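Chain lettering (A, B and C) follows the sequence in which the chains are written, and residue indices restart at 1 in each chain.
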Amino acid sequence: MGKLYDLLMKDYRLKEGLNACINCGTCTAICPAAEFYRYDPRRIVDIVQSKDDEEIEKLLRSDTIWYCGECMSCVTRCPRKNAAGLIIMSLRNLSIELGYFIDSEKGRQQYLLTKDLCSNILDYGYCVYPRRFDYAGHPEAGRVWEWEEKHLDDVFERLGGNLDGSGPGAMRRIPQEDLDQLKAIFDITGATSRMEAVRKAGERKAEEWGMTKEEFEAKIYTDSSPKHLNH
Amino acid sequence: MIYEGKQKIWSEYQKEIPDDHYFYVRSCIRQSFFPASEATFLDITRNALGKDIFETEHHTTCGGIAYHSDTIPQETVMTIIARQFALMAKHGYENYVCSCITSFGLYCETMETWREYPELEAKIRENLWRSCKLEFAKPKFLVHASDLIYKYRNLIAAQAVRKLVNVHTGEPLKVVEHIGCHYSKMFPSKGVGGAEYPYVLVGMIEAWGGEIVDYPERRHCCGFGFRQYFIKGNRGYSLSNTHKKFESMEPFKPDLIITNCPGCPYFLDRWQYVIAESTGKTYGQDGHGIPALTYEEVAGLVMGYDPWDLGLQTHQVGVEPLLDKMGVEYDPAKKYLGMNGKDLGAPAPCSCLK
Amino acid sequence: MKNNILIIGGGPAGLEASAQLQRMGYNVILIERSAKLGGHLAQWDRLFPDRVPADEVLGGLLRATEGVKCFTDTDIRAINRLDKSYNVRLTNGITVLSDAVLVASGFDLFNAVRKEEYGYGIYNQVMTNADLEAYFKTGEDKRIENPRKIGFVHCVGSRDEKSGCRSCSKVCCATAVKQAIEMKQAFPQAEVFCFYMDLRLFGRHYEDLYLEAQKEYGVRFIRGRVAEVSENYDGTLLVKAEDTVASKPLKITLDLLVLMAGMRPSASVKELGEHLGMMVEEDGYFAVRSGIAAGQRSPQPGIFLAGAATGPKTLPETLADARAAAMEIDRYLTEIFPDAKNYKQLVKERW
């Protein structure tokens, strides 16, 4: 019993995050995701502590584990010092490692997240890079961002930034030697191989659906089934 | 509300914040959306207060956003963090100050995990050596940049040219604070004032003459949620959480929101715009929103910085009603100008939000 | 010759043991660190499950202790073990040579301020079980003004490792149900909610009390631990919990919230433990010789324990424990203590 559970237990986040759940619901009561999605972190912790592989596999292939926003509000309150947020992170990690993430609508989004965030880090040394934060994809960023996007260099100059400049400062160009070190860290800590695996899983799915990469990306960026919602 | 009750709790969560000599690391989101805030932080600490805050161009992201979007393994983010620590040690610093709350939480989490599992720390040491030929030393003190401004709040008050007071009525401005979730929810003792009633921003507001108002959803997340914002299909999560907070604070009629996390002021600002444009609902007076500012912006206002030098023009919610209340002089014509008066045009007007 | 017995603590356990031992012919000296005898019982209005007045019970206990030497406002200054007896110096200047010592130091109520997310001492409309009993006794509390919606929170400072309180306090579930009924009697129009994890209504008639609360008073029981309390603009409280039966987060607005502060080891345990050389377990309560076979004997010969000094107990359990301790003391003083020559051997065999 518990092969998946054993894999999970190798994750330090699970070692830290899972004690014994008393099923009191404190985590769910204040969870931002539980109010919005059909989501109950208490039940997830309960399933993991049951060590029931069949149930854990269902979780790993489900949308459920992708609802959490990792705000970690649950950590403050649990009377048994569990951390539902950390447990979620290790479930997500295993779902990605086993390739199960591609089976659910929310899990599939990892394809885009990995592509965008990891390339921001490797190309620029930042998780977020303003030239890649476009108004078209982010209309909620407002008219003011639409304007900033058009005048990015001028706005940064006006506000004391150093966009793509040399030396220190906000959004400076990080020297290539440092980006090379980030790449080396990615290579030896498994981030590069993970990026590859996630990319391939996404491409296989696109092929299975008979879609081009662009169509696939557009679909997973916007797909949102009403079945996820609580109301 | 019984103020003395909060004071008792505040007195129990006092963290040690060294006075000077910090290695400074930036925040991906703050420098992207609030570059003037980081510039103001450095100007106040270095030039107004004479502190030694060192920055090297070689530091990078901590990887926190990618990590909390579950795109990189824990070992990756820890090794990136170890590299930052190596840069700190190389430059002879022991005190580490970061601009980002996600980073701050992650640094705390990393050091705690290493303390509990020394074999993991050893592994990360090896990773860093193999990948970068670097060795790291852990910071003696780890603080968030808002901890430092909190520490200097009275020095700032001493140099202030104005208070957080409505100059027309003489009443203190009503301020709500919003603390980034990763500041102290995971490790209450690492935050000034703890997790339930954090004092880090309250202390600033009190020192600068404002009045803090508490509201029921104060502790609730702004709704960033990492993947819940980056993916368009998930953004309802993000919006609904911000919406919940505004509905909750509305009856208290706050003049201003102060934040210490770089993402929160963006979300609290932009989702007000979305709510206004899609439903017509606004939370400030007469069709205005409630300005959601960074603590650096608030510090800059009381110290007499020009609001357009602080970057207040890059908020979607107009700040003019706040500036008028505070008696801040500003030139509306200069709001959207670039360097040396360069004409950059202006953002298109909103259909509802003033 | 009458043996001297020192009893530390003038709550129900100390009073009951005093009465029993005096009846057996011993010379009892009772010390109480506060100004008044009766312990927490003196603060309570009525008792579960039958809602008998606490004053009646306490009155009976006090009457039975007539003739016992009582010193209030008195603590131990120093204690020395002689061959078999204890030389005890009290803070009132008196020295007692005592052949047996009974520790009945009781419990403290959990300081509800420490459960920060519930806002006791911060939000005006949050009170504790003890505050509510005081209201029942005096009819006065500015928090209570015709409340329409009232909540009771079980397990405040119990079963909560985050607050350093792992154990169940045993009495809170029944107290909450009792107080819920009393509030319904006082305010028939009010809606009353109990937030619980497990309802531990184990004693005789306790389940009847629960049934009465549900059937006759319409008290609503919600299985979920309260996670957060905050204050609305109008001063009412916003309370968040999960209805774990429905698997749904729940938000409710209440006029009054009553926190069932649990039992914690008495603050005097540490000092007493040092004076008496007694072991304290991880949970903060005194260790006993054997939890099953010798629950009233401490590991130190001649030192006995009764009541909540060895963990949370209901009032009937405490009184029974005190009587048992009296029997144990009598057995010790008649079977082991008098045989000076074989004392050490007897202690080894029979303690």
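Definition applied: a residue touches a chain if its C-beta (ideal position, glycine included) is under 8 Å from a C-beta of that chain, and two chains touch if they have at least 3 such contacts.
A quick note: this is a predicted structure, and the numbers were derived from the prediction, not measured.
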Pair of chains with maximal C-beta contact number: A-B
Innermost chain, where centres are averages of C-alpha coordinates: B
Euclidean distance of C-alpha centroids - chain A vs chain B, Å: 22
Centre-of-Cα separation between chain C and chain A, whole angstrom: 49
Sites on chain A at which at least two other chains make contact: 30, 35, 76
Multi-chain contact sites of chain C, meaning residues that touch two or more partners: 117, 228
In chain B, residues with contacts to at least two other chains: 195-196, 219
Chain B residues touching chain C - in the complex, by the definition given at the top: 1-2, 4-6, 8-9, 194-197, 214-219, 251-252
List of chain A residues in touch with chain B within their complex: 11-13, 15-16, 30, 32-33, 35-37, 66-73, 75-76, 83, 89, 92-93, 96, 106, 109-110, 112-114, 116-118, 120-121, 125-130, 133, 137, 140-148, 150-151, 154-161, 166-172, 174-175, 177-179, 181-182, 184-191, 194-195, 198, 220-224, 229
Complex interface listing, chain C residues touching chain B: 113, 116-117, 119-124, 228, 230-233, 238
For the chain C and chain A complex, residues of the former touching the latter: 117, 155, 159-163, 197, 223-228, 240-244, 247-250
Complex contact set, residues of chain A against chain C: 22-31, 34-35, 40, 42-43, 76-81
